[in-house]
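Here the chain labels run A, B, C, D and E in written order, and each chain numbers its own residues starting at 1.
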Amino acid sequence: MIDSYSGASKKAGMPPGSLIHIGNVQEEDSRISVIDYGRDDLEEPVVETVEELLKFREKESITWVCLEGLKEVEIVELIGQYFDIHPLVLEDILNTHQRPKFEEYDDYLYIVLKGLSLKPDENSDHGGFSVIYEQISILVLEDFVFTFKEKKDELFLPLIQRIRTSNGRVRSMGPDYLAYAILDSIVDQNFVLLDSMDESIDAIEEELLTNPTADTLIGIQRLKRELIDVRRSVAPLRELLSSILRSDTKLIGEKTQIYFRDVYDHVLRITESTDSYRDMLASLLDIYVSSVSNKMNEIMKLLTVFASIFIPLSFIAGIYGMNFENMPELKWQWGYPAIWGVFIALPTVLLIYFKKKKWL
Amino acid sequence: MIDSYSGASKKAGMPPGSLIHIGNVQEEDSRISVIDYGRDDLEEPVVETVEELLKFREKESITWVCLEGLKEVEIVELIGQYFDIHPLVLEDILNTHQRPKFEEYDDYLYIVLKGLSLKPDENSDHGGFSVIYEQISILVLEDFVFTFKEKKDELFLPLIQRIRTSNGRVRSMGPDYLAYAILDSIVDQNFVLLDSMDESIDAIEEELLTNPTADTLIGIQRLKRELIDVRRSVAPLRELLSSILRSDTKLIGEKTQIYFRDVYDHVLRITESTDSYRDMLASLLDIYVSSVSNKMNEIMKLLTVFASIFIPLSFIAGIYGMNFENMPELKWQWGYPAIWGVFIALPTVLLIYFKKKKWL
Amino acid sequence: MIDSYSGASKKAGMPPGSLIHIGNVQEEDSRISVIDYGRDDLEEPVVETVEELLKFREKESITWVCLEGLKEVEIVELIGQYFDIHPLVLEDILNTHQRPKFEEYDDYLYIVLKGLSLKPDENSDHGGFSVIYEQISILVLEDFVFTFKEKKDELFLPLIQRIRTSNGRVRSMGPDYLAYAILDSIVDQNFVLLDSMDESIDAIEEELLTNPTADTLIGIQRLKRELIDVRRSVAPLRELLSSILRSDTKLIGEKTQIYFRDVYDHVLRITESTDSYRDMLASLLDIYVSSVSNKMNEIMKLLTVFASIFIPLSFIAGIYGMNFENMPELKWQWGYPAIWGVFIALPTVLLIYFKKKKWL
Amino acid sequence: MIDSYSGASKKAGMPPGSLIHIGNVQEEDSRISVIDYGRDDLEEPVVETVEELLKFREKESITWVCLEGLKEVEIVELIGQYFDIHPLVLEDILNTHQRPKFEEYDDYLYIVLKGLSLKPDENSDHGGFSVIYEQISILVLEDFVFTFKEKKDELFLPLIQRIRTSNGRVRSMGPDYLAYAILDSIVDQNFVLLDSMDESIDAIEEELLTNPTADTLIGIQRLKRELIDVRRSVAPLRELLSSILRSDTKLIGEKTQIYFRDVYDHVLRITESTDSYRDMLASLLDIYVSSVSNKMNEIMKLLTVFASIFIPLSFIAGIYGMNFENMPELKWQWGYPAIWGVFIALPTVLLIYFKKKKWL
Amino acid sequence: MIDSYSGASKKAGMPPGSLIHIGNVQEEDSRISVIDYGRDDLEEPVVETVEELLKFREKESITWVCLEGLKEVEIVELIGQYFDIHPLVLEDILNTHQRPKFEEYDDYLYIVLKGLSLKPDENSDHGGFSVIYEQISILVLEDFVFTFKEKKDELFLPLIQRIRTSNGRVRSMGPDYLAYAILDSIVDQNFVLLDSMDESIDAIEEELLTNPTADTLIGIQRLKRELIDVRRSVAPLRELLSSILRSDTKLIGEKTQIYFRDVYDHVLRITESTDSYRDMLASLLDIYVSSVSNKMNEIMKLLTVFASIFIPLSFIAGIYGMNFENMPELKWQWGYPAIWGVFIALPTVLLIYFKKKKWL
């Protein structure tokens, strides 16, 4: 589940703007990592306190501060103080039930969205998996980019590598391009998810058309719920990116706009894919229901064939099992063979009839 | 039910603008409570008559008047007279079947919406509950904020506490911020509801996949109706808040806009959640139907297996129960053991066949 | 049915603008009633011919002319001539298959919509009813308001009473307010309908969860069709009223705008209610289908329990009914008691099995 | 089927703008008919070649040229040359798979839409019918109106009659009014179709609630497909007419606009009707499925009642048909009557049980 | 499947703008073909390297460069360098998972969409087929048009023929018209697909109403998935073409706009067709489910008729097979004929009853 609200509701009675971390992800210690780079130089200082960041304000270079783990609220609070961030933004960073959105302030931009990672599900047959969501906030200032993540993971590693090796475009462009690159890393994770969805749907379809069981139904239901969650984290991205594109903030250069348009295209593709998965799952459920009906039909046909052949025969045998005194047939010499004739003829006729009705 | 219209239709033939209280909630006596505060001072006078409110008009401070219980129509009427409120607004305050909306007048703003509270449902198994709706009207004047509630409850208590303790932002800001804080309290109640929905849906899903009964069906249906009602009270909030954001009234300061945007985000999250609950419930019903079909299949399989094994056997036994005179098999020494051979062989063959068809 | 088009298609080959009355409602004689009022005086003259209306044109007062029954086409034609109404409007007044709409002309406004009244349905169990639709046209001129109704009824009586007793707001305001009051009367009739819908839906739901029958299905279907018709007459009202609100005609004063906004709110509420009724009915049908399946399951379980217990027993009895000569069991002293042991043990085992499967 | 595309795809590889007639309707010879009229005079010359039309260009009067049958491509080509029509328009006139649309050129307007006629379906029971579609193109020039039809029929006859008798409005107005009148004739044909739909739906509903058969299902399916086709030809009309209304071409006079608005209203009514028919059909199918389930329930109940009464009885009879030597009951004097007591008591008990379960 | 994303996700961790070919289509060698033409001359030079293209830059003529096969990434890279194409565009050309889109740059236009071809499916009965998708990119420069295709095929052959024979419009117009002609060729391929869909749907419907089998279900499901894919490649075309029409780039002349509008109309028709196919397939599945239920009903009726006739008869026979000593009926002379009377009368009565219930 992306959002159990168990946290959100706890806060219902609290004053707005109070800085408290609300989240589901198991708490980890916070870790600050900093990378400061210009076109020609790059520094990765070890930073323990927020104050140490202030010295990078004087430098012309771009400083990317990444905070992983939101338990230590005071770090976020201090960043808010030193860099003059609006209290509501700080609150949103800490409350991890945010809807993905883009907000434009005078001196900075605030982007919040869901990063996701896949965990294979061991209990499931058809390539099942579960998705873990993590809220990621991005603050873009004139020379700084802050990212706030709930968990420590390797999500940004490839991007950091690209910054380290000075070749990439990223070194020669501004913090807007860095923000783009970060956004791109997060959004592109969705393609991995889509791949898994794809495989799961194919596996289920295969199973459906060959041997549908009650487990197939559970599989469809699981995917459906997963998809509802995914859509909730993905759908607002479209609006988020089109706000960025429409925005006329001076913090995003004209040259970088085109890159955000590229992310926008990715988001459109992801949205359309989730839409078609939704259609496919709906269609799979329809097929499932039909398959079950079909199977029932088959069962009923067999029952009917058996019953309508043997019940009349039993009745006939029953007739000549009666103990009436004068039952002349019983004494006829050919009575017994004759009755065997009936026992053979009747089923034959019925079988031909069922054959003609295509029941066999 | 949020709206039985039993009241609304009673008024069908009446002149527009006639002040009559129309509502479902059991009537209670009206109670006026007043809190008057500035940055540094705070007063909570006991007020019995509307006239006593007039003296606060001279003061610079912000006066929040909260009327709980709408039975005494004349109170609302007097407030309307003294503060020059349009008769249609007074009518809307008293008729508790309003659609949530925001209206902008020259000298005041009118906001009406539904507050809700949860009452656990004792008869229900899966964490059932029922929602109680209450219409809350907010009038924002230059130095006054009026709230009109149908019932006496503790909804605003946390907010009042925050005003009393002078620390919060609320003391240092204007009536627009107070209006925001009130709106925020009401809207955030919805998260508690979403939590309960969430739990109920999870409980039902659990039940569905293990042991679906007719009660599960009733549970789904109850949640569905509840959700239809919730959506009706929540859906117009989106429009309400976007009208506030788009409005250029001077009664809402630029600094407060951002707070309303925050409530808007909450409303979006709530709306999206109800949408996904709707999807989930639809999907649960699908699963229910499929489960029932599945179960039927299982039952039919058992019946078919039993019937198709024993009906032919009975027939065979019936044959040798016939009383024909010349039935040579009856006199064969190995006739009886042979027939037992058939009695054992036939079911074995059929069982193998059903096994191969995966019916067993 | 709101619109059988049996009339509409008859006109297919006719020249546009030909004045012919087309309608379903059984024809009645036309009746003209006039009420002419100013702030201080009121007159209700008996009017027989259209010419008699002309003298009110000189007067400053507001004249409301209500024509009930559209059979006498020439009355409408004459009104058209004397008051210079566009032929297409006259045609629309007479052809009672119009879609609700608002049209703005230079010297007058034309509003057409459906009035409705309820007739309790005697054949139905669950508070059934049928809705009777009537087309009502409103022409708003500078000093005149015309209403054209298909039938004679008491719909406008409460409004007329309010005009007669000079207290109401209506006497002190212009023809635009009168138009509003008329519109309001017609729209508010819908709340009565919604009440009935509400009751019917509750009755059906009650029946569904206790004892669904084929009649319940017919009840749902009836309500569904009724709702489709209601939606067709209600849905365009939203657009109608928003056109009035957006219109900048000088025939509707600024002071009256707010009253139309009030009707607009009512229309929104009605539309949303019909939407949720639609959802509820869809959901009731789902429940119905599931209930029927559930019931079938119960039936099949019983059959299966009976069959799988007694069919094997019958077979065993059949075995010892065979007439083989050497069936040693038959001669054992304890054979018969032993077989009774089987007859008791087998069902016991099966019953325990079914109990464990929760079929009993 | 409105569009089998069998033609459309044939053209896939061809150069755009090549004039080839593509259509499904069986080919007929082309027929040109001309009517040339002014306020006071009217002429209906027999025209064999396109060149003969040129002389009407000098006259002030309005000339309506109607070409029926599109086989002779060169006629359209010549009209294109002489009256300077864009090749793509000519192509669209000849390719009868066009989507209804309105195009505005400097010197002329191009309207293309589907005319339809009904053919009663003899095989069908419930007032079945099939719809025949025909593409009609309208070119409106300054003094000319061209119509291109696929088939020869009487569609425009009533309109022509109105032109011939000089009374109608049509004679005193311009080519724009003629275009309106033509459009109106075509659109109003839809009401006839809606009438038939209405009757068919009513017939099917009647059948459904009394005696649903497999044919009812086929009837619903036929109507559904018909409706899908109708919607495809009707839905774009809305856009078509609103483009006409929004257009500021000088070829449509201000006075005629209001008439097009009238057609627009008709189109809205038609669209809404098809929408509600769609809803009704969906609902009929739901009812069908439920009815079938209901019927199955009834069948199963009967089977279960029979089986659960007689199977145990048979077993009891079977017991005393066994040939054990010491079965004391067989020799009791009251054994046989006693067993009859059981044979009567057991069914009675079961019948009371089933009665209580409301199965009988 | 149009998009398995197996490639897309591989790229998730890579720097944006890295030129790597990502695609599903089996790799083929690249082939460059060039056609250079003006109004009067035409040249089809054999080109091996990108550098050879540069000489055409000086010429006034239009040069169409078609690259088939995207394996040799360096060709695209070189074209990008020489003609100053943005790296993101090059990336999109090579990554064949693009969403159809139109992008406007200062000096060139970029169009990317899916071409499709049909491959008849040998395993399928009802005219089955599978669709092969191929990404086609179009770059429109001032004097150049580039097309990039994944595969070598004959798609553009008819267009090339039209260019070779100097008659067509294409020779006398600019690169914008060429771009239109290319787009038109690709879009019109869809009509072939629609034809096949049409046939498949008709075949399935035929089968459904005569003899639905489990294969029919698979057929419906296959078509549904195919349609989901088709819609994903077709739906964005609408937006693509309306962006082209709204664009005010100087690279598309006013005279050519009308041709793009024609393609837009085609796209609308295709979109509407896929929409109605979707409706039809949904409706076919409904019919299938109903048919299966109907068939089950028939089966159950037969079973019930057989069972309810013969089970009571067997019981009666069983009675007189009992071995009680004093069963007077057994010794009556007319006992046996009397019992035959019962054996004949009982079924007759039941058959009449079933006949009356319309079960036979």
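The rule is simple: a residue touches a chain if its C-beta (ideal position, glycine included) is under 8 Å from a C-beta of that chain, and two chains touch if they have at least 3 such contacts.
Quick caveat: nothing in here was measured; it's all calculated off a predicted structure.
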Shared interface numbering between chain E and chain A [over half = same, under half = different]: different
Length of the line joining the C-alpha centres of chain D and chain E, rounded to whole Å: 26
For chain B paired with chain D, centre-to-centre distance based on mean C-alpha positions, whole Å: 42
Chain A, residues touching no fewer than two other chains: 289, 293, 296, 300, 303, 307, 311, 314, 318, 321-323, 327
Pairwise touch network: line, ring, star, complete, or other: ring
Cyclic ordering of chains (reference chain B, direction chain C): B, C, D, E, A
Contact set on chain B toward chain C in their complex: 1, 3-6, 8-9, 11-17, 86, 88, 97-99, 101, 103, 211, 214, 217-218, 221, 224-225, 228-229, 231-232, 235, 285, 288-289, 292-293, 295-296, 299-300, 302-303, 306-307, 310-311, 313-314, 317-318, 320-323, 327, 329-331, 333, 335-336, 339, 343
In the complex, chain D residues that touch chain C: 158, 162, 168-170, 180-181, 184-185, 188-189, 191-192, 194-195, 198, 205, 209, 258-259, 261-262, 265, 268-269, 272-273, 276, 279-280, 283, 286-287, 289-291, 293-294, 296-297, 300-301, 303-304, 307-308, 311-312, 314-315, 318-319, 321-327, 358-359
